[in-house]
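Multiple structures are listed underneath, in structure tokens.
Two complexes are shown next, each including chain A; its partner changes from chain B in the first to chain C in the second.
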Partner chain A sequence: MKKIMICCTFLSLLFCVGLFGKEEIDDLAMVMAVGVDKAENGEIWVTAQVVRPADARGDAGVGGTEGDPIWTATGEGKTIFEAIRNLARFSSRRIYWGHNAIIVISEEVARDGIVDVIDFFTRNNELRMRTWIVVTEKKANEVVAVKTGLEVIPGRSLDRLFRYSPIVAEAPRTDVMSLSASYIGEHVHPYLAMVRLRSRGVDPENPKEFGSIPQIELSGIAVFRDDQMVGRLNPRESRGFLWFVEDVGNAIIPLSCPDEEGPVSVELRDNRFQLTPNYKNGKVSFIATVETVTDLVELGCPTELEHSEVMEDLESDVAAYIKKDIEVMLEKVQKEFKVDAIKLGRAFQAKYPQYWNDLKDDWDEIFPEIEVKVNVKVELNNPQLLENPTRKGKD
Partner chain B sequence: MKSQISNAMLLAIIINIVYAKAIGVTQGIIARQAGGDMWIVTIFSTLFGLLIMSLTVLIIKRTPEKNILEQTKLLVGKWGEKLIALLMFTFFLGAYGGIMITVVYHLMDYFLPEVPTYIFVALVTIVGVYGIMKGVEVIARLAVLGVFSIIVLNILLLLGSLDYFEIESFLPVLRNGFFNAVEVTKHHNADWAMATLMVAIILPMVKQKEKWMKYSTKALILGGGFILMWPILEVGVLSPEVAGQYIVACMQMARSAEIGLFVHRYELIMVIFFAISALIQVMMCLLCASISAKHIIGGNNLNFLLIPVAVILGVFGYWVVNDHIRAMDLLTYYWPRVAMPITFAVPIIVFLLGFIFKKKLTKGNLDAPS
Partner chain C sequence: MDLTKQLEQDVFVRLKQNLDEIEKLLGNSSDVVKRDFFIMNNNTFEATLIYIDGLVDETKIEETVLAPLLNNNRDLQFLSELTKSEEIATALTKKLLLIPSINKVSTFQDVINELLAGNTVLFVDHCVQCFVLATQGWDTRGIEEPQSDTVIRGPRDGFVESIRANTALVRRRIRDPMFRLQSLQIGKRSKTDVAIAYIDGVVREGLVDEVLERLNRIKIDAILESNYIEEFIDDAPNSPFMTVQGSERPDKIAAGIYEGKVAIFVDNTPFVLLVPTHFWTFLNTSDDYYTQYWMGSFFRFIRYIAFIISLTLPSLFVMLVSFHQEMIPTPLAITIAAGREIVPLPILLEALIMELAFELMREAGLRMPKQIGQAVSIVGSLIIGQAAVEAGLVSPIMVIVVATTGIASFAIPNYFASVSIRLIRFPILIASGVLGLLGFATIFVVVLIHALSLRSFGEPYLAPVFPFSSSDQKDTLFRAPWWAKEKRPADVKDEPERESENQKPSPEK
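Let's look at the complex of A and B:
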């Protein structure tokens, strides 16, 4: 027995001849954001935002040597993999995807089809499945190269933009996993958040030039048929869309004062959404029910009404506003895009599996004609800190 | 073997021998064939496992000092014993291929793609042989540690995935039909068969025979529960389509889990905590194959057979995993056809033989050396 054990021990030593596949951290070029564009000659153009560790130390980048915390470079190729490999022609380190926070696809690429993007980034074992993936209406390389947000590394800023996006509720939190699931899934179609560059940052050295520094902001939803983008929803339509696909966060509803001029803001707090399919006489219909508890967060008119009266009046305005969000979205998705990205088919299949087999092959034709009735119930009962509306105390 | 382990250790071994393969590779295959019903398939299969396990314990209880092969010898002579031993060796040889798929693809595809396949197979097999040489008690103690690892892994994965859980993905229930769900259980049944056939061999080594049934049943229920969490999360978080897209579905699940900003990418956590279960699978498979080989050859010394059996299983395992397409084809289409008849036939045949040749199980015969 002992002899065999000694043999086993020595046999194991034979395999300890070095560390196979080892990667030293200072040999890696850590990609924080990547952009996918199409070059004029039709080739894929991949732009990688790579962190420069020596210049990106600490929360504020303090302690690093003088220099940019990121290095952005592009590679071109017939395929995504070739384009990335071509980055290695001039990158002094091996490109490493493990810390990539976001993939930005240009609208041009999205309209041509993104099956190669889905395949490459789900097949790659380095990439996280919770990497955000978005579409931008112009060039993705511009978005990837821009310095945006508070973080030292712009890729981190983009990551956090999506982590806290529910507070604006104007774009979905789409990641590689959700894209893959909706592309592979039967009778659902993908959608991705859209971002754009807007001059929103203020230059502290020249504050007169208000909003002169481009920043990345959420700008709606790109809707796909299979892997090809068919259209986009604006932020308001996107909010209507979000009710169907994910939790709507603390969105703000801008309204007008009930009896006089002035702005009012209502914040959604506790939201519930229910989609009820119906099937009668061979006709499919849905009832979408929204129930929301909201807070009054701004009342910009010195009204003589009591809070309770104002809020009672506002409840119906909020309900109408939310209903309008959903209806304009449905009009666009059903009549213009004709793509079931809002998962009505899935909801119908869940409730009526016995009828689904008869309808599923014709679902694309049925979907645009489906009647969706929207019911919104709003409860507005929290004026926050104030007992009375803000009004002047003088006669 | 005269080693004695407790019933709690047996429970731990049963849970470990099924867990590692059942949560990932098996669930991927089930997802491809049963879609959103994969969690129901897992429940059905656990019930089948419970049934076969109870039958196996009943069989061994008839001759508590003898394993199923020795009992067969008692009932129908040495050629019957050799036939059953050959069937069981074939089963554990095939099972070793499945285990190698689990171990190698977890490590190679997700961490070390540049390392040659034979390194994984050889190292795992050598560790397996080393474990057997240390004895069943040591393996059993390791298995107890493995159960704690499994619990930790399940809790971590649950915490990292619940945010993305969608209950709608479970509807409609039994979307591909009841009979399809029952048919697809064959893949998970083959996992439970590793436990039942192993119990058929090692149960005489377990103390307190009056508790055998209680603990083996408990092991099935607990192990089934630990495994069931995975298809439930794979349906609710990944979606059945995505789970079915990958060879190792559980690693995809781990790759998608995260807690806040700083704890993400569970692949390493996953491998750390499921490694013990994978090693227990390797060790017990090697041990049971060696015992089966001993009964085929008719020798007395198990130690001389360990290395040759490890080489046979290792070479077969390497041949299986060296080609991903071949590996998955074998596991998906051919392995159930081999495993299912053995899984059900061996205990049922021996049970019926016990009925027919009841007289041979008399006290005098039982006391005779096997």
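Let's look at the complex of A and C:
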């Protein structure tokens, strides 16, 4: 009898605490993308792109009119959290961050400092550290509200934009984790990918406004000093930057034919990058070595030469192109921004830990003066399916 | 005079008295047949045959008892010279009766027992003993393919309701002189025949005594099915897990006996029990051993997956959707949310209702006559599957989850094990719907600890996984080829070798 009583007590307890912390999936407003802007009066505007599941999955068994797959709303407040809380004033479901794919920060906010953004989004237990975080030059709320990409939900499109970003290699893959790591890290400065709206989308039913639908594209890198953005790199400089921080992937290099007029494209296949620090006579210098194996993917000149002969010429062109990418970028980062976002300090510390302690406090002054020598070795070895260049056959 | 005293009496010398006594004991049951006659037409030897109609083979009585006793063509001179009862008895058994098996009994207790077991009793006037003639014979079902535990490859014979036929089916598979069959009767009124079978020398020491002791402890008026016995000898009477395995397949029982287990046959049921039982055997089928070992292992692997699915899938789904939405991949989360958009019920209730509907359908399909049963399942699947989704009462993914779980539970070969797993599923489901991962983990661990604590006739229930026995792994998750399984399971002490070594077929060197 006593046993039964105890069991009953536990059972009823189970139902009393019952459903504590329970929130069913259809009670949640799943945020797919969020934008952070600053209003003129200094208030923070948070724009959330929330998925409307029934419309996002119109044919998932239950009806659901073909409406907008997303619902975008803006809340304002003195702090990020207040702005988010104010979103709840008109959201019929609880704002849920667990599936957020991307955080978009306007350049305005980025230039003022993003320490509160970093803090809020790493403190929040629902947000993932793997959420992409990017900077946009204009308003973040426009980026969040726009319908872009192939996915039903634009936030997912942005997510996938980064998945395939190594193909263009024009923006780094920056998430909250890498941002806070480089923010917290000593003597490294954060950088973030940039996106912008460009009218490139095509509406076939409205040919007059061909290419008028705004789409989001990856467009370079925002470089920070601590939490403040100091400048940005254009896509070509970004590629030079990417050699230092992640893989360049399968970027293509547009060239022209060695002797004649005509376009040539070369695709990077297999990349190796090595950064070798040197310390001589109290002077820090680096050698950056790029080794890459590339494919010839397009050769638009009716050359008399065979592939093998063309390719030797092309190799040096490719090397020069890559070298220029890096040198232009170094010029900007070292001389203009003067922040070590390319982690030269890390490489130096790894090789010369004994000298690092002496240098680290002055690193910000040393960095702009460091000489970086760039060596590029290119092997162009594969003309893919064609044995000879495409020529007209009427000789 | 009360019944026990009446039964303890010795049979009387006079026929008339005996008949009166029998009539008193059995009442005037209409199926008790008495046949009075004079042996060899000799008026001095009055005799009566008593048997119960329907339990005896009347042709046999006619040919082996009545015919020789009534035949008056023979020289009967010696009969008239007999006066002592012993002499009459000897003369009857040695010279007259043709029936192969004759017993002599002297108390009414025995007389009644034999009568009720289907034997014929012969009373002879002036004889202090009476004769029990083995004339049992009644209609039984023929040997058919078992309804449960079906196989693609393997023998198709199944046990029937007669204990003798059943023991013979097993005996035919074990032509070993050490094969032992011990009989006893359980049930004060039903007097059901029960037999235990094992191979002496293979069976673990003490197991037979333990089984006999547990069987002898049973005091009940009637045993109608082997489950009565199962519940009396169960090691874990309150557990949903079954520590005794029942099977309709003689090959399965024989295989168990070869592995050192003890089989318990019960009359009037085709389900024979096997002890000790390990949990994993419920996930094995005879097919595993009769098909090529890759296939056998694959089937078995699928069944382990089915076991996990049928135990946890609805709980995991409910838990993820109502507590841990961040653990669902984003596209799936949106799809689930879209399906639940117009569902009015909380997900736990939705799951419980769907599970209930599924169980209803299963039960209804089972109880209906076969032809209607099919209609029930068609209508049921239409209602549950399509109409409920279209009406917005349940979400499509919940239908998929419940249906997958149902199919998985049907993939568990032992029907009763699959039901017991289904029973465990409900507490896990409710706990995960109420407390999320915490509740799921709690109940799951409680169930696991409970299963770990179980024993079946001294064997750990989850062996050979817990405690781990490396040699038995050849027949747990995977089924090793026959030439590799050199040893019997580890609990067989006396004679561990099953086969000679190095029998893997290979070309001669």
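Definition applied: the second predicted complex is superposed on the first by the 371 of 395 C-alpha atoms of A that agree within 3 Å, B and C clash if a C-alpha of one lies under 4 Å from a C-alpha of the other, contacts with A are read in each partner's own complex, and residues count from 1 in each chain.
Assume contacts are C-beta pairs under 8 Å (C-beta built on N, C-alpha and C of every residue); 3 or more make two chains touch, one makes a residue touch a chain.
Just so we're clear, the structure is a prediction, and the values are computed from it rather than from any experiment.
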### Query
Can A:G98 be said to touch chain B (first), chain C (second), both, or neither?
both
### Query
Which holds for A:A350: it touches chain B only (first), chain C only (second), both, or neither?
first
### Message
Quick one: is A:M129 in contact with chain B, with chain C, with both, or with neither? Answer first, second, both or neither.
### Response
first
### Task
Identify the partner contact of A:L28: answer first if only chain B is touched, second if only chain C is, both if each is, neither if none is.
second
### Message
Quick check for you: in the superposed arrangement, does A:M177 touch first (chain B), second (chain C), both or neither?
### Response
first
### Task
Return first, second, both or neither, reflecting whether A:I153 touches chain B, chain C, both chains, or no partner chain.
second
### Task
With the two complexes superposed on chain A, say which partner A:P204 touches: chain B (first), chain C (second), both, or neither.
neither
### Query
Both chain B and chain C contact which residues of chain A?
15, 20-21, 98, 128
### Query
In the complex formed with chain B, which residues of chain A make contact?
1, 4-5, 8, 11-12, 15, 20-21, 98, 122, 125, 128-130, 163, 177, 180-181, 184-186, 346-347, 349-351, 353, 356
## Note on the structure
Within the complex, chain A is touched by chain B residues 109-116, 119, 122-123, 126-127, 129-130, 133, 164, 168, 171-172, 175, 238-239, 241-242, 245, 252, 255-256, 258, 261, 264-265, 303, 306-307
#### Entry: chain A partner contacts - residues on chain C that touch it in the complex
321-323, 325-326, 328, 330-331, 333-343, 346-347, 389, 392, 395-396, 431, 434-436, 439
### Message
Under the definition above, what is the set of chain A residues touching chain C in their complex?
### Response
14-15, 17-26, 28, 30, 32, 51, 53-54, 56-57, 60-64, 96, 98-99, 101, 126, 128, 153, 156, 159
